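Same chain, two partners: chain A is paired with chain B first, then with chain C.
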Partner chain A sequence: MIFFLIIGFSIVANDTPNDAGGSILITTYNIPEGTQKIELYRLAKGDTIYEEAGLIPPRGECEDVSVVDGVEYLYRVRAITEDTFYVAETKEFISSSPQWFNRTRITVLLFFILFGGVVLVYIELAKKNPKGLFIRKLPALDAIDEAVGRSTEMGKPVLFVPGLEGITDAGTLASITILEKVGKRVAEYGSRVIHPNFDPIVMTTAQETLKTAFSEAGRPDAFNKDDVFYLTYEQFGFAAGVDGIMLREKPGAIFLQGYFYAESLILAETGYSIGAIQIAGTNATTQLPFFVAACDYVLLGEEMFAASAYISREPRLLGSIKGSDLAKLAILCLIGAGVIFGTFAVIANNAGNPSYLGIFNRVLDFIARGNG
Partner chain B sequence: MLEILSVWIAGGLTLCIFSFLYGDNPVYKFAEHLYVGFSAAYWLIYVWHFTIKQMVINPIAARDPGAWMLIIPLFFGFLMLSRWLPEKYSWISRWSIAFTVGIGAGLVTIGQIQGLLLPQLRATILPLATGKWTTNINNFIIIIGTTTTLTYFYFSRKDTGIMSRFSRIGIAFIMIALGAAFGYTVMARVSLLIGRMVFILGNWFHIVKPL
Partner chain C sequence: MLRRTLPQAIAFIIGFAMLIQYFIPHPISERFYNVIVQQWLIIILGFMYIFALRSFFMHHIVKIRRKKEGYWFSAMAIVALLFMLSSGLITTRGVFFDSLYNYMIAPLQATMFSLLAFFIASAAFRAFRARNFQATLLLVTAVIVMIGRVPIGDYLWKGMPDLVEWIMSVPNMAAMRGIRIGVGLGAVATAMKIILGIERSYMGGE
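And now, the complex of A and B:
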């Protein structure tokens, strides 16, 4: 076999831009005709023998992700045809390194600063005057009093399930605020709240929250720490356990608040079968249909956060809801302006003026770039 | 022999769980407690083996480069245990919770903007005069659906007047989406049931051909 160093067939190696390091981007140009495969070889500085680093796909570009940051490499490629092969190599050493900023996500940063800024401003406003910020009341909030009251009248306990996510989930945090309100009502009415947990940290947070709620209602003695307990970290084991509690304790009111997965329908159906008032709330959009079908009241997605802000009147929550409302208004305006301009751009393009359509597409590209 | 035994146990426990359809009974109770107990024990072993041992103890014992960084999560982990201390000191555990919540919130914020907000925004800014009437209608439905749904989740005004009309259209779109998702998932659940029935009738009773 004879090999050729042909003019034109070349390789360029660069540190992969906008990454966390550990990768060098290899690009080959003018791949010889009839190439069946392109082999990649790598030589680390100080070594004497090139080592195999895989194959380059037919499009001629690949990322070598088996490199070590800071180590310098030379690259060589072999384009193999049926009867010969061609070689190209880099002349200068190249090394990989992580970048501080991923420039492809500049749109994300822009929206983050914009919406984050609005939220911060509203939090400050809420701190100065919490009563000045209006949030509409949600029907499910009135239902909390009704459900706890009915449960107490029937001499049955209240069951509160905080979902299957950890304390870092926004839905779980919102559920803790709702738990506080439920806990206060339960303490005032002299009832009992059962709180099975999937996550041990959520359990400790719930214990503390209920303890505070009972104290604020003037009934610290009525709080039973053992009613807030850990069940299991297995999804359907947890579902089976909660189902058993529902059947044996027969709660009059069930609160399914937090992030749920496939067990949502199992829980809601069992709750329905024992005739309890069910108030659900989740930010898991995939599970909302089951709660809507089987529960009496449902807090849909962001309504949960609004509910927790309404209940607590906590400036940070109020400010977040108000800020996100303003962000929604901005998005609505952006969509409106975009649709009008896009329609105009298409009409202008059909009339022989493509420049507006070019601008429209560039704006869309800019927004899409946030997807990385 | 062991395989036959495991099939009998799995099949028997499946029937125990299915007995819940009749109502609460001792057989279901047995399976439920067994499941909850076993899964809790399983996760204890899992966390010990794959998290504490493999990610903390082993690297420290092997003196891996950078293993000193594990002191930080270890420190926060120990702080969580302060919940068992008297009330005077138990508040220290909040540091760990605050740390976890802070990181979670930061990650979620970026994820939501990048994964949900921007793609939806990009997919909604659509022209209404594409030259093809079916595409125009499709675009119109997407724009109206997104904007009215957003209006439904606007909490800063009372749900009356024009806002109420828009949000009613929005809730209609939400319910259509939820209905479609419900149907889709029910189909998936039926397939799970078929899987269990094939296991019982095929692998256990050999009435049908096992998968």
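And now, the complex of A and C:
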């Protein structure tokens, strides 16, 4: 068999970084021209014959994911051209192992520590000086009393739709907070709340929340557990079911709070057609325009998460809102500084000084991809 | 104790463990994630469906008994559920069950989805009425985007598709990213409040 060990064509094998083990990263350099395919071979320590380990894609890099942690391997690659082939191999044994820290996520950790620190500091400050915190008016939350009151006067029930996500979604948790406030008002006014559900865990949580809300309002007897019921786990089946409830029960107020998908406008437009006052809120940015177009009041994204603080005025919750706002300001400043420095770096690069662009790219690489 | 402290303790331990797990790629960490998310959550959800089914039947049976408006829809819902369930259990290889799904449920879902086109038209009609400066700006922008997205836009003015692309990727994207950053920070803050036991409304009342 004839083959060439040419200078330049080489292979490097390393343990794949930031992984759960069982993988070795193979990189080839200076692939000979006219290469049709690159075959990969592997020799485990103690063995005498190289075994086939697949093909390396044309870009020259791949992960061998069929290795066993702790077992040492030598690698050999064969670049096959039309009339010959070239061989390169590693000189030292390499083995794979799992890591205990994913370094590509270091920026996430740094952000979380900074953000968490700011929020915790403001929570402490809020506890010491509860009167020093201001939260701007949120018309959608102020309108809850008006909506429930109007519904009661008309002798119609209130409809509360908690969206299509499970209890693990932050938007659903925020909607449960708003449900509590709605439930209290409904109980105080002696009205009724209908709560169809897409997710059984959300249903149980909503039942408990409303039960507590009715008890706190001094009307535990008025709570009907069967008004919080399960509908279906099919998206458009759920939309059809809720539309049917709207058309039959004709609620005076409709709350669309939580995470919604394409059914958002179907629900909101049906609610509009029956003349109900509609208060929507979602963390699904793609559905916000539909709610803005079809509903009377809308909680835009983060306003939903501020609902619990706004409603309860509890200092610790207000402090967390203040902390989030400060983090947002910091991010805004960072984006502004990045835009200015990036523009300057490109101008400097065009003028023949590439060093600033290099710094900018390294910073961007660290922040965006965690490759410090 | 059982109603407040225990759930709060579970939320703290599991929440904190899931947070740490995100930064650890080790197989032990992966196994922990799989047990919590792929096994416990499925087991909990499986049991919750018993409650869901009870709720479904109770809700519709009460409506049928009291002969409420549209009670025959409730009868249809119960019959459909039982029919679908029995077709999946009784028939072999699932051909009949698949046919029911492909030729009944899927077209019904597509029908509901197709209604969206009409609802968009009616909502757009209301939203685009030029009542004030903002609504007029919205109307003008929407007309430009709509014309630029169809072939006639390019025919009327060659620069129209580029203008639409700029609207979508610069002012529109800037607003969307602003909202998304807010949503992201709000979600992180909510998660922190739940882990630390500051936010407790999800446990049924403050």
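By our rule, the second predicted complex is superposed on the first by the 297 of 372 C-alpha atoms of A that agree within 3 Å, B and C clash if a C-alpha of one lies under 4 Å from a C-alpha of the other, contacts with A are read in each partner's own complex, and residues count from 1 in each chain.
Just so we're on the same page, contacts are C-beta pairs under 8 Å (C-beta built on N, C-alpha and C of every residue); 3 or more make two chains touch, one makes a residue touch a chain.
In this text the structure is predicted, and so the values were computed from the model without any measurement.
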{"item": "Which of chain B and chain C A:294 touches, first, second, both or neither", "value": "second"}
{"item": "Which of chain B and chain C A:364 touches, first, second, both or neither", "value": "first"}
{"item": "First, second, both or neither for A:302, with chain B first and chain C second", "value": "both"}
{"item": "First (chain B), second (chain C), both or neither touched by A:27", "value": "neither"}
{"item": "Partner chain(s) touched by A:236 [first = chain B, second = chain C, both, neither]", "value": "both"}
{"item": "Which superposed partner A:81 touches (first chain B, second chain C, both, neither)", "value": "neither"}
{"item": "First, second, both or neither for A:322, with chain B first and chain C second", "value": "first"}
{"item": "Which superposed partner A:204 touches (first chain B, second chain C, both, neither)", "value": "both"}
{"item": "Which of chain B and chain C A:134 touches, first, second, both or neither", "value": "first"}
{"item": "Residues of chain A that lie at the interface with chain B and also at the interface with chain C", "value": "105, 108, 112, 115-116, 167, 170, 173, 201, 204-205, 230-231, 234, 236-237, 240, 244, 248, 265, 285, 288, 290, 292-293, 300-302, 306, 321, 328, 331"}
{"item": "Interfacial residue positions of chain B with respect to chain A in the complex", "value": "17, 20, 23-24, 28-29, 31-33, 35-36, 38-40, 42-43, 80, 83, 93, 97, 100-101, 103-105, 108-110, 113-115, 117-119, 121-122, 124-131, 143, 146-147, 150-151, 153-159, 174-175, 178-179, 181-182, 185, 189"}
{"item": "Residue ranges of chain A in contact with chain B within the complex", "value": "105, 107-108, 111-112, 115-116, 134-136, 166-170, 173, 201, 204-205, 230-234, 236-238, 240-241, 243-244, 247-248, 265, 285-286, 288-290, 292-293, 300-303, 306, 321-322, 325, 328-329, 331-332, 334-336, 338-339, 342-343, 345-347, 350, 360, 363-364, 367-368, 370-372"}
{"item": "Residue ranges of chain A in contact with chain C within the complex", "value": "18-21, 98-102, 105, 108-109, 112, 115-116, 119, 123, 167, 170, 173-174, 176-177, 180, 197, 200-201, 203-205, 208-209, 211-213, 215-216, 226, 228-231, 234-237, 239-240, 244, 248, 262-263, 265-266, 268-269, 272, 283, 285, 288, 290, 292-294, 300-302, 304-306, 308, 312, 314, 316-317, 320-321, 323-324, 327-328, 331"}
{"item": "In the complex with chain A, residue positions of chain C that touch it", "value": "19, 22-27, 29-30, 44-45, 48-49, 51-53, 55-56, 58-59, 62, 69-70, 73, 105, 108-109, 112-113, 115-116, 119-120, 122-124, 126-127, 176, 179-183, 185-194, 198-199, 201-206"}
